[in-house]
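The two complexes that follow have subunit A in common; it is paired with subunit B in the first and with subunit C in the second.
== the complex of A and B ==
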């Protein structure tokens, strides 16, 4: 691998000092003159007709400046993939928590008091909460679609039946996953303000400013360009800040009140009416040859959409086939259905359907390995895809270090010494994963990114682009790339968060694209700035650009540093010579991915990432509590631009995965979420977690900047299966339902076969 | 109903008249402009609003401003002395313990209170000491490293330099 001077080195995050001092401004730290405070009235019923709304008492409360209901608004629809939501409910509410009215008042207490004064008369309607019930003949229709099926994806490739006939072993089981919240601590929020020219300015955090304004424009009767999104610092996102309907509500409030409105969701609203993960029921059947090679796979998926689609159709598309590019599948079939229920709508969360399906597939493979008497690591190595291959869905693997991830995870976890050899109640489990770094199917016109790098008169640089850092640190990685290309220090680079009226177009932070795609554009913009810098310097120095070198902020003729001029001088001169324009590097990067066909065949991403995780657990036979005592996560990330940042992505993703596996679940009864606080919704705390051990497996990708690939989502994908497989190794029972809370594990252990491990049981 | 109080925040005394139901976090943020104290769940469950009250870590969303009358409050803004960062702020920066940063002020103040009581904690003691502070970005690995490094505890998970050698 070539060596770089800044890329791949330990560079302190650009924003760390301000954050450590408490100086960083998040949305909740901002206000505008004359700003009002917004609150939302939500439906208490999972399915009801709105008979009438009486806002008179709320409107007459001192300090209330606007009350808005669905009937005050034009019936524009809202939605990213399917426009099935209204901004505020008009005649029907379809989940407990749906937005019915909104208030703007001089302070939050007054707005809250006004909500209590709004009288809504409901006629309660029959509701459906289970997917099977929703699809049954005669079930109440939640939307005008057959059997409440919102979306369906069917995949059929290769001869699945023949694969099963030829298989030596066929395994079949049902796996279920639950709804979990993204759990960022900084709740969804915004400040909306209408300008004199009728345009709308929104200060707020979204993972995709340009997409979000496109999604919301029609619902508010504007063109996307009339909406200006300005991003403050962001306190996490993880997929949950892709869909920002709250912004639209704040916008209609601001219009009604004639003043700017700030709206910040309470954590209770986050947990009851956010856009949590889509829960799946996965019926999985796999056939194996005697040597462990996979012969066929058949999957049925039911996905609980909740009352509205949000990102659900995209999630089931991923769930239907993404994991198939992990191994050499000769034949796969999948029928995935997204089903409306009268529950909180579900949406995007780190992994986007992939963690759920990896849980099922990687669990069943482990059971097959035990049945066949093959080491679980060995069965994975035998089936693993390799660099240079084209997978069953047409994915072109220009880089792939899956084998290496498995081997390094085995070494680091002492797999050979420990697997099935630990004391009672302790075990080791492995799981692998595949993911994309961007996805052509998610935004058809463009799968790339763009960036502008402006050189400043002090020798520094300013980057603007449409990409987002919601905390993961890609802005520091961008600064490293610019530093690498221009020969300046990373702390001389200022990275501006997106402003849609100033920044060039970008798709933002989703699909693990920010390093691979966003970084690709940043590097090219920096190279363009370098080219312009050398041209300008060549005029000043009287030598041709290709005779010049840049080092330590100086441009000089090769071998004659004393004759050089500082970048600052050259940049200043360029401003005058260019009559103000100066050096402005432009970069655009498209990874050359393909739009898949209707059957989901096609090279959808510019590169693919792989990982292997090994969990070591301790199971308390009395209580059923599972403790993760060690965790190794080896990731094929191409190249780490910022190694500490990459480790942080892995550590955080694994921690979220452990929460998903062992403790987190939005529990609902009759459509109402019962655990609407963080005491009952159990995000892992420091004592709950082991010292997670990331391993950076670096093999350059030929397309990615400096060989780098994406790392945002991958770390969560293998976690549930790695832990379930470790529990299987520890106690001989494989758990197929998440989360593996103590009650569930204790019940499963009570019914286990007395033979113990390596068992063949499942619970 | 309002009540006059005196808040001593970061060594500065403030005479305020506050509604009796108003929480300390709101007074710090909205009345004194000290927005370094973050408001996350507002229910005492996430720890983002942690400040030191007479040296003890408290969730400032669970303390009424009137309860802090006459007492010493330290927020993240008060941790650096004459522009010099506290050792914990430095180790959080050096160890990559900060991602989105929303939990950071509360996390650092909880760690400060922990180290004041237990100068050389073990890794387990650090994890238990920070149990009231949630972080969703980091998995706590580098946060725990940073606190151990600041303490000079022998249980150190390894400074960045040590890791380079691995």
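== the complex of A and C ==
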């Protein structure tokens, strides 16, 4: 691997100091002159007709500046993939928590008081909460679709029936996953202001400013360019900030009030009416040859959409086939249905359907390995895809270090010494994963990124682009790339958060694309700036550009540093000579991915990432408590731009995965979320986490910048299966329903069906 | 968001009692605020006046009285109690339970009195105080009284405190020589969580060393109030100690409690855990007492 001076070295994040000192200004710290505070009135019923809304008392409350209901708005629809929502409900509410009216007032207390004064008359309608019920004949129809099926993906490749006939072992089981919230500290929020020219300015955190404004624009009758999105510092997103209808509500409130409006969701609202993970019921059947090679796979998926689609159709598309490029599958079939229910709409969360399906597949493979008498690591090595291969769905693996991930995870976890050899109640489990780093199908016209790098008169650089750092640290990696190309320090680079009126177009932070795609554009912009810098310097120094070198902020003729000029000087000169334009590097990067065909065949991403995790657990056989005592996570990430940042990504993803596996669950009864606070919605705390040991497996990707691939989503994907497999090793029972909370595990160990899930508990 | 209320910060207990009397039913006593302020923000309570007792000298600090009693001011933060574990063996037992409340940030604010007056059935400090047979010193208009902690709780969120009364201190009598106690909290998370079940056990080895002369078992989160499991205690007292006997006592304790099914756990699971954790708490206390005797 080529060596770089800044890329590949652990550097302090650009935002670390301010965050550690509590000085970062998030949206909740911001205000505009004359700003009002918005609050949303939500439906208490999971399904009801709105008979009437009386806002008179709320409007007459002192300090209330606007009250808006669905009937005050044009009937534009809202939605990312399917336009099935209104900004505020007009005639029907379809989940408990749906937005019915909104208030803008001089302060939050007044706005809250006004909500209490709005009288809504509902006629309660029959509701459905279970997917099977929703698809039954005669079930209440939530939207105008047959059997409440919002979307369906069918995959059929290879001869699945023959595969099963030829198989030595066929395993079959049902796995279920629950709904979990993205758990960011910074709730969905914004400040909206209408400008004199009729355009709209929004300050707020979104993972995709340009996409968000397109969706918003359609729902309020503006052109996208009339909306300016300016991003403040962000406290997390993880997929949850790809869909913010709240912004539209704040915009209509601001228009009605004639004043800027700030709207910040409470955590109760986040947990009851956010866009949590899509829960899946996965019926999985796999056939294996005697030597462990996979012969065929057949999957049936039911996905609980909740009342509106959000990203549901995209999630089931991923769930239907993404995991198939992990192994050499000769034949796969999948029928995935997305089902409307009268529950909180579900959406995008780190992994986008992939963690759920990996849980099922990687669990069943472990059981097959045990049945066949093959070490679970060995069965994975035998089936693992390799660099240079084209997978069953046409994915071209220009780089792939899956084997190496498995081997390194085995070494680090002492797999051979410990697997099935630990004392009672202790076990070791493994799981692998595959993921994309961009997705041509998510925004068809473009799967790339662009960036501008401006050199400053002080020798520093400013980067603008449409990409987003919601906390991952990719902006620091961008600074490293610019530093690498221009020979300046990373802390001399200022990375501006996106502003849609200034930044070049970008798709933002989704699909694990920010290092691979965003970074690709940043590197090319920096190289363009370097080229311009050398050209300018060559005029000043009287030598040709290719005789010049840059080091430590000085441009000089090779071998004669004393004769050099500082980058600052050259950049200043360039401003004057360039009539103000100075040095402005432009970069655009497209990874060459393909739009898959209707059957989901095609090289959807510019590269693919792989990982192998090994969890070691301790199971208390009496209480059912599962404690993860050690955790190894080996990731094929091409190359780490900032190894410290990469390790942080892995640790964070594993921590979230442990929450998903062991403690987090949005529990609802009759469509109402019961645990709407962070006491009973249990995100793990530091004492709940083991030592997490990241391993960076670096084999350069030929397409990615400096060989780098994405690492955003991958670390969460294998966690549930790694832990479930470790529990299986520890106690001989495989748990197929998440989360594995103590009560469920205790019941499974006692050979009983866990509470509330008759007949599908422990294996 | 909270409604508007008056905030009073009296300088003495007498002043506080006067203010509480004056303000009547719209007033509440504020200590650390980790429960009360959350309830106000969630609009579960509507109060016109908060009377802060957090800095009243009469309610602060941990001290040993000449008769060997440990007196813990009601407004003493749990964090301070954790730090005072070295003061006596009784203090160490209370510290072990206090350490399991919330997080260090919460413990820096939350007080012992608050944990008890909030009267959650799951209050972590309650089972251990029950087994140490602590008393609640309560001040009211013109008089003070001491109520055994076992009679302090009257239901979920309810205590014997009458309007106008303030919990001043918790008084822990000197435990018999050679005693040892333990507290086991069972929850999903290891911090920032509410117990499914909490079990405290206290044992005093008998003269022959084979069994316990005195046994006390305290249970949390499995009945409307924290409770003693007296039948289980009786099954052990005077008997040669064994793990089997402890398990038997656990089974008895499981029949004594009356858990409910809620969001956190089912009644059946809670009952099973009472059996398991009572056994474990007894064994831990017994082993600790043996270790103590050997020292």
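Everything below uses one rule, namely that the second predicted complex is superposed on the first by the 751 of 763 C-alpha atoms of A that agree within 3 Å, B and C clash if a C-alpha of one lies under 4 Å from a C-alpha of the other, contacts with A are read in each partner's own complex, and residues count from 1 in each chain.
Basically, a residue touches a chain if its C-beta (ideal position, glycine included) is under 8 Å from a C-beta of that chain, and two chains touch if they have at least 3 such contacts.
This structure is a prediction, so every number in the text was calculated from the model and none was measured.
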A:238 touches, of subunit B and subunit C: first, second, both or neither? first
First (subunit B), second (subunit C), both or neither touched by A:675: second
Which of subunit B and subunit C A:742 touches, first, second, both or neither: second
Partner, of subunit C and subunit B, that touches more residues belonging to subunit A: B
Which of subunit B and subunit C A:24 touches, first, second, both or neither: first
Contacts of A:472 with subunit B and subunit C, given as first, second, both or neither: first
Touched partner set for A:685, first subunit B, second subunit C, both or neither: both
Partner chain(s) touched by A:267 [first = subunit B, second = subunit C, both, neither]: first
Subunit B and subunit C footprints on subunit A, overlapping residues: 679, 685-687
Of subunit A, residues touching subunit C in the complex: 108-109, 112, 622-623, 625, 662-663, 667, 674-675, 679-680, 682, 684-688, 741-743, 746-747, 755
Contact footprint of subunit A on subunit C as seen in their complex: 1-3, 103, 186, 188-194, 196, 263-266, 268-269, 272-273, 276-277
Parts of subunit B lying in touch with subunit A, wherever the complex brings them together: 29, 34-43, 45-46, 48, 75-77, 79-80, 85, 89-90, 92-96, 98-105, 108, 123-124, 126-128, 130-144, 157, 160, 164
Complex contact set, residues of subunit A against subunit B: 10, 12-13, 15-26, 28-29, 182-187, 233-236, 238, 266-268, 470-473, 644-645, 647-648, 651-656, 677-679, 683, 685-687, 689, 691-692
